[in-house]
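I've put the structures underneath this note.
Both complexes shown next keep chain A, but they swap its partner, so chain B is in the first and chain C is in the second.
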Partner chain A sequence: MVNTLAPETTAPATRRPQRTATGRDRARRRQSAVAYLFLAPALLFFAAFLVLPLGFALLLSTSRWAGFDLSDIRPVGAANFTGLFADGSTFLAPVLTNTLLFALGTVALALAGSVLVATCIDKLRLQGLWRTLYFLPMVTTVVAVGNVWKYMYEPGGLVNGVLNALGLGSVAFLQDPHTALPAVVVVQAWASAGSAVLVLTAGLKSVPGTYYEAAALDGAGAVTVFWRITLPLLRPSLLFVCVTQFLTGLQSFALITVMTKGGPGNATAVAALEMYRQAFSYGDWGTASAAAFVLFVVVLVITLGQLWLFRRRGEDT
Partner chain B sequence: MTRPRRGLGRRHFALALPSALLASGCAGRHQGTGRPGDPIVLTLLTHYSSGVLRKALQEPVDEWNATHDRVKVRTEAVEFTDLLTTFMVRQAAGQGADIIQPYCLWTGQLVRAGVLRPAPPEHAEEIRRGYSAAAVRAASAAGGVYGYPTEVQTYALYCNTRLLRAAGFGEPPRTWPELEEAAARTTRRDGYGNTLVQGFGLSVYDDSTTVGQTLALLNAAGGRFVTADGGRTALDSPAGRAVFELEHRLVARGASVPGVNVYQAFPSGQVAMVISAGWWTGSLRPLMGADYREVGVAPVPVPAAGDRHATLSTGFLLGVNAACRHPDEAWEFLRWLNADRTRVRGGATVTRMSALQAAVGSLTGRADDIRTLLGRGGDPNLRPFLDALAYAVPEPNGPGAQQAKTLLRANIEALWTGQQSVDQALRSIRRQVDREVARSW
Partner chain C sequence: MSRRRRFPLLSYLLVVSGAVLMVVPFLDMVMTSFKGPGESGRLPYRFLPETFGLANYRAALTQLNLPLLFRNSVTVTALITVSVLLTSSLAGYALAKLRFPGRDLVFRLVLTTMMFPPFLFFVPHFLILSHWPLAGGNDLFGRGGAGLTASIVALAMPFLVNGFGIFLTRQFVISIPDEILEAARLDGAGEFTLWWRIVLPQTKPVLVTLALLTFVDAWNEYIWALLISTADPDVMTLPVGIQLLQDHVDPTRTMPVVMAALVLSVLPVLALFLVLQKHYVRGVLLSGLK
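This part shows the complex of A and B:
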């Protein structure tokens, strides 16, 4: 109960908290300053290597620059962006189309393969050894991976040797425009499956054993357990793998440069390779920067789409 | 030609930070100490980065440094694949080399970007007088000469004479019908369809084996890739159509297998004929050993008997950077290297560059020098390339030449691999190349 007859003590009471609040503010400001001081190296790093290049790229995307003389940047408005989609431009088709197909194919293959492998590994002994084996391609240089697979795909290579031994004719995997992109997708999926296997095996470990025990008591078969328990509970790991693999696929450059250089024709030309050519071979940095921003938008939209799709199903990263 | 500069206030402000970043990341360009009496040091950026090429260039540079006290030259070498990128990055950072050795395909691009300095009148006159027309045109842009042509490559037909003889041909083909017949009769396959011997090597391996071959055949048919002013493509012509139809027939009949790397297959005796540049002789000789005697070289076949010979020429030039602080000294060094004559073994007098190129199995645009050097026990297979200097057509080198070449290559590959018909390929090239070439000008 409040004593309404008691003398009012509001003034000193408010003065004291004011002093305290001021002191707290000062302390907080000091703390903030110290925090920013500690953050400064990281912020400077981001400013120098992220914000500044991003701003420069934005400037270039609305300019014409040959790449040699910084004083020779001429503003051209949105011409670089419209040029990307103009008649005769190869950016939308086949370059952007190939990029999306490459990323989709890589995600689909790597995801399916790694789910299968991770599930098998989860039931094996020496799991660390298996995970290491599957992770090895990740620590191998892309140039080595690309060149080895290139030789395997050659008309006289290992893959065609197997086909010939089975009585089938040879396939010019990297020289035939119909097989070149799928052939490179297989390599990218193989090379990137290692990290997905790691994430998914970790995900499998986090599935509580009680679910499996309950399923066993109910008489559920292996397939039912996989579809009804394992896969739904793996969804957060799958989302992570899906998003990261898609991002990697959309930005792929090195493997395609090593294996096909975008050929034959433009069958394996992808956005990152096209950007590199525009900037460093043709000296058209404006178009290259505009292409980079278009790719950025594509990546952003697809990633947001993936997140939305998974969140709708009640999962989060 | 230099474009007039406009007000740069806001632009300078916008660029201040990136420029500072670029500049701070790089050490100052070495120009000597700058103290009175100390020598000026000129940097020379080249793609002669390894093996005999590096050694061949270093020898005259060492000679210059030993005989000149005031101006010294220091070579800096990168791989050819990194050459244009290195020009760009160093130039943007204010670290461009004083003397650069670009591929002639990039001449227009470098001139447009203000990187190459026009040759002073006396040097331009020396270049116009001393070199073949193709070499001079390759080192020129927008009517001006921009450097001394160094290495010049012409294209001719390499033949495996053993395979041709086995198929009943005593001599290399001279016309396209003879070429097609010889290609068909020398082709062999195993039971699985793997090609054992390719009659005529069309290969998607690199620019040289796709665009180089096609343009050599196009020039032999009297056609051109771009118009004389460089403003649009001229490939969609009867000559262009004839070349594409010839290549399409060769692939369709199985005499050419674009998937095979001819640089590996020809030395292994798996390709009977292929069109390539003269530099390849220098690689084939050590690679093939005794089998090299089976290699013959003939002019690029023409569509019909009696047609005039023509082929493609490509090359490099040595020019002076527009940002060079000592252009007179740089041009003087280039004159010494490329125009002054020196006595070589055997008593002949040739330019140092001619001696350098001949030593590595290559040619310069100075036909007399090379003829003199070849007459002293050189490879007889180089003669057709040397003769071709008289009738070769230089590769187009306008501002958008590199992009036009890449677009052409993609469409040629699409034709060879059945993605496009002849009509579609010609239409697509015209549409794509015209757009890019027009933008570049």
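This part shows the complex of A and C:
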């Protein structure tokens, strides 16, 4: 980064003029003032758009409010939370179950696909080109990804076109409650596999070639090499991909908003979408805020769980 | 390289078929955008258009106010990108190279901000902005009007500072040798001059990466923009405007038009990504935020 500049040969301390104690104090105080001046935009922003909203959301999650006059906010204790888990509430099932299935399905598909592709890319020429192609969906707006796939799932779309050409009947992917969730899982995995491929190919580059040579000398087959050398050495990259993809899977609802709006029925309703709908469709800010915090806890627990699991496995081997 | 001894046919097959799977939806989008009237959605499905035409692009231009949508998207993206770069670099420099009481605490705070997922903030951000006092017809207590919600600024506001951006620049500023800064200080340069003359040029690669990540995210952002622009169509961005066209009218007829608009809106980012992908790839490896 900084190799354009020759390193300073003289130590700065020898060139620094002798300062009086008060002079040093003044300089230090001035540096503090400058530091806080430089940090001011960020700190003010975090106060206004992080601390204040979090406090407000906590307040709302324990209140009932019509959304107009701030003096109308009424405390209701934990009623919003208990309401989410009450009989007849759709939050636990199907919404939270869908969320977990959506995240799990996405991670499983994207991970399996990207591990396979990344290990293969590692053996090819033009690695940059391949990675770029896999990465295209990552830089495309969710509105494009969602609509293109929605259109491909239509009776006259590409997916059914391929099915028909193979002699199979058409499937109403997004209209059938049984296929809707798997259909959006495929799209989410398709859209997020690129970053996993990227991280995993970078991880594979750091595996020393001598390991493979030694394995070849011992006559190990490709499958053995993959299970015994590649996968264990990829563990940090795999953990990284797992955690980040799970995070995204648990909280993303933009794709579902574009493709199915949670339908048919509640077949693709996920927690973040439910939070959004409670707030902006029904004006139930309290329930929405409660749902957001519940989802936050779920995300936190699953993330910490993965870190713990990977660390324990790492100690075993 | 012993790993590339022979031609890895199986690997090629797998990677190429995967790549086809990745690219075909984009090609289908482009092909559909060129299809003539009545061609799309017709059975049996055909990949290539029978008659290449620009009718859908013309329709997109008349049914959508594309110049306005483009202008809004560009404005919001520029606001966010410039702000993130400035605030990240200033804060990153302070945290890396200046000595002041509370530095560790502030740094830990910055790291903590990265922990909170965006969905926690949709509701409170919207409510706070819509009840902003003395703005958009609101009185002193935030009643009566739309507040700050129906404005371009509101589209950008929640994204103007990025904890990850601060963290990233700090990690790079740290590698600038102290001697350079100290020498400039002895020459009488103030901290602002140091930041402008030394820190900014020295951290250019990471700033390019950060700019690219921010640009792509801001350009593609959908959910927050959807919330803000329902109050005022004049501040709609490209994704919101196009999705609205898709939602409102009979899908089989409008889909080709939507595809044409999408091609136009996706192209700038795709072009930028292809030109600067090395920087972008590095950013993703550094962040893994996706």
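As a working rule, the second predicted complex is superposed on the first by the 273 of 317 C-alpha atoms of A that agree within 3 Å, B and C clash if a C-alpha of one lies under 4 Å from a C-alpha of the other, contacts with A are read in each partner's own complex, and residues count from 1 in each chain.
Criterion: a residue touches a chain if its C-beta (ideal position, glycine included) is under 8 Å from a C-beta of that chain, and two chains touch if they have at least 3 such contacts.
All values derive from a computational prediction rather than experimental measurement.
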- request: Based on the superposed arrangement, let me know which partner A:Asn266 touches: chain B (first), chain C (second), both, or neither?
  value: first
- prompt: Can A:Ala42 be said to touch chain B (first), chain C (second), both, or neither?
  reply: second
Query: Which partner does A:Tyr212 contact after superposing on A: first (chain B), second (chain C), both, neither?
result: second
Query: Counting only touches as set out at the top, which of chain B and chain C does A:Glu274 meet: first, second, both, neither?
result: neither
Query: Which partner reaches more residues of chain A, chain B or chain C?
result: C
Message: After the superposition on A, what does A:Ala254 contact: first (chain B), second (chain C), both or neither?
response: second
Query: Where does A:Leu133 make contact in the superposed view: on chain B (first), on chain C (second), on both, or on neither?
result: second
Field: Contacts of A:Leu295 with chain B and chain C, given as first, second, both or neither
entry: second
Message: So in the superposed three-chain picture, is A:Gly113 touching just chain B, just chain C, both, or none of them (first/second/both/neither)?
response: second
Task: May I ask you to decide whether A:Leu52 touches chain B, chain C, both, or neither, giving the answer as first, second, both or neither?
output: both
- prompt: Is there a shared patch on chain A that both chain B and chain C touch, and which residues make it up?
  reply: 52-53, 56, 67-71, 155-156, 160, 164, 280
Task: Enumerate the contact residues on chain B facing chain A in the complex.
output: 5, 8, 11-12, 14-15, 17-19, 21-22, 84-85, 87-88, 91-92, 96, 109-110, 112-115, 192-195, 204, 257-260, 400, 402-403, 406-407, 409-411, 413-414, 416-420, 431-432, 434-436, 439
- line: Contacts from chain C onto chain A in the complex sit at residues 1-4, 8, 10-12, 14-15, 18-19, 21-26, 28-29, 32, 40-47, 86-88, 90-91, 93-95, 98-101, 103, 106, 109-110, 113, 116-128, 131, 141-143, 157-158, 160-161, 163, 166, 172, 175-180, 182-183, 186, 190-192, 195, 202-203, 205, 216, 219-220, 222-223, 226-227, 238-240, 242-243, 246, 251-252, 255, 258-259, 262, 265-266, 269-270, 273-274, 277, 280-281, 284-285, 288-290
- request: Report the residues of chain A in contact with chain C in the complex, numbered from low to high.
  value: 1-2, 5, 7-8, 12, 15-17, 28, 31-32, 34-36, 38-39, 41-43, 45-46, 49-50, 52-54, 56-57, 60, 67-71, 113, 116-117, 120-124, 128, 130-145, 147-149, 151-152, 154-158, 160-161, 164-165, 190, 192-195, 198-199, 202, 209, 212-213, 216, 240-241, 244, 247-248, 251, 253-254, 257-258, 272, 275-276, 279-280, 285, 288-289, 292-293, 295-296, 299
Field: chain A - residues contacting chain B, complex
entry: 48, 52-53, 56, 59, 66-73, 83, 86-90, 155-156, 160, 164, 168-170, 172, 174-177, 262-267, 269, 277, 280-284
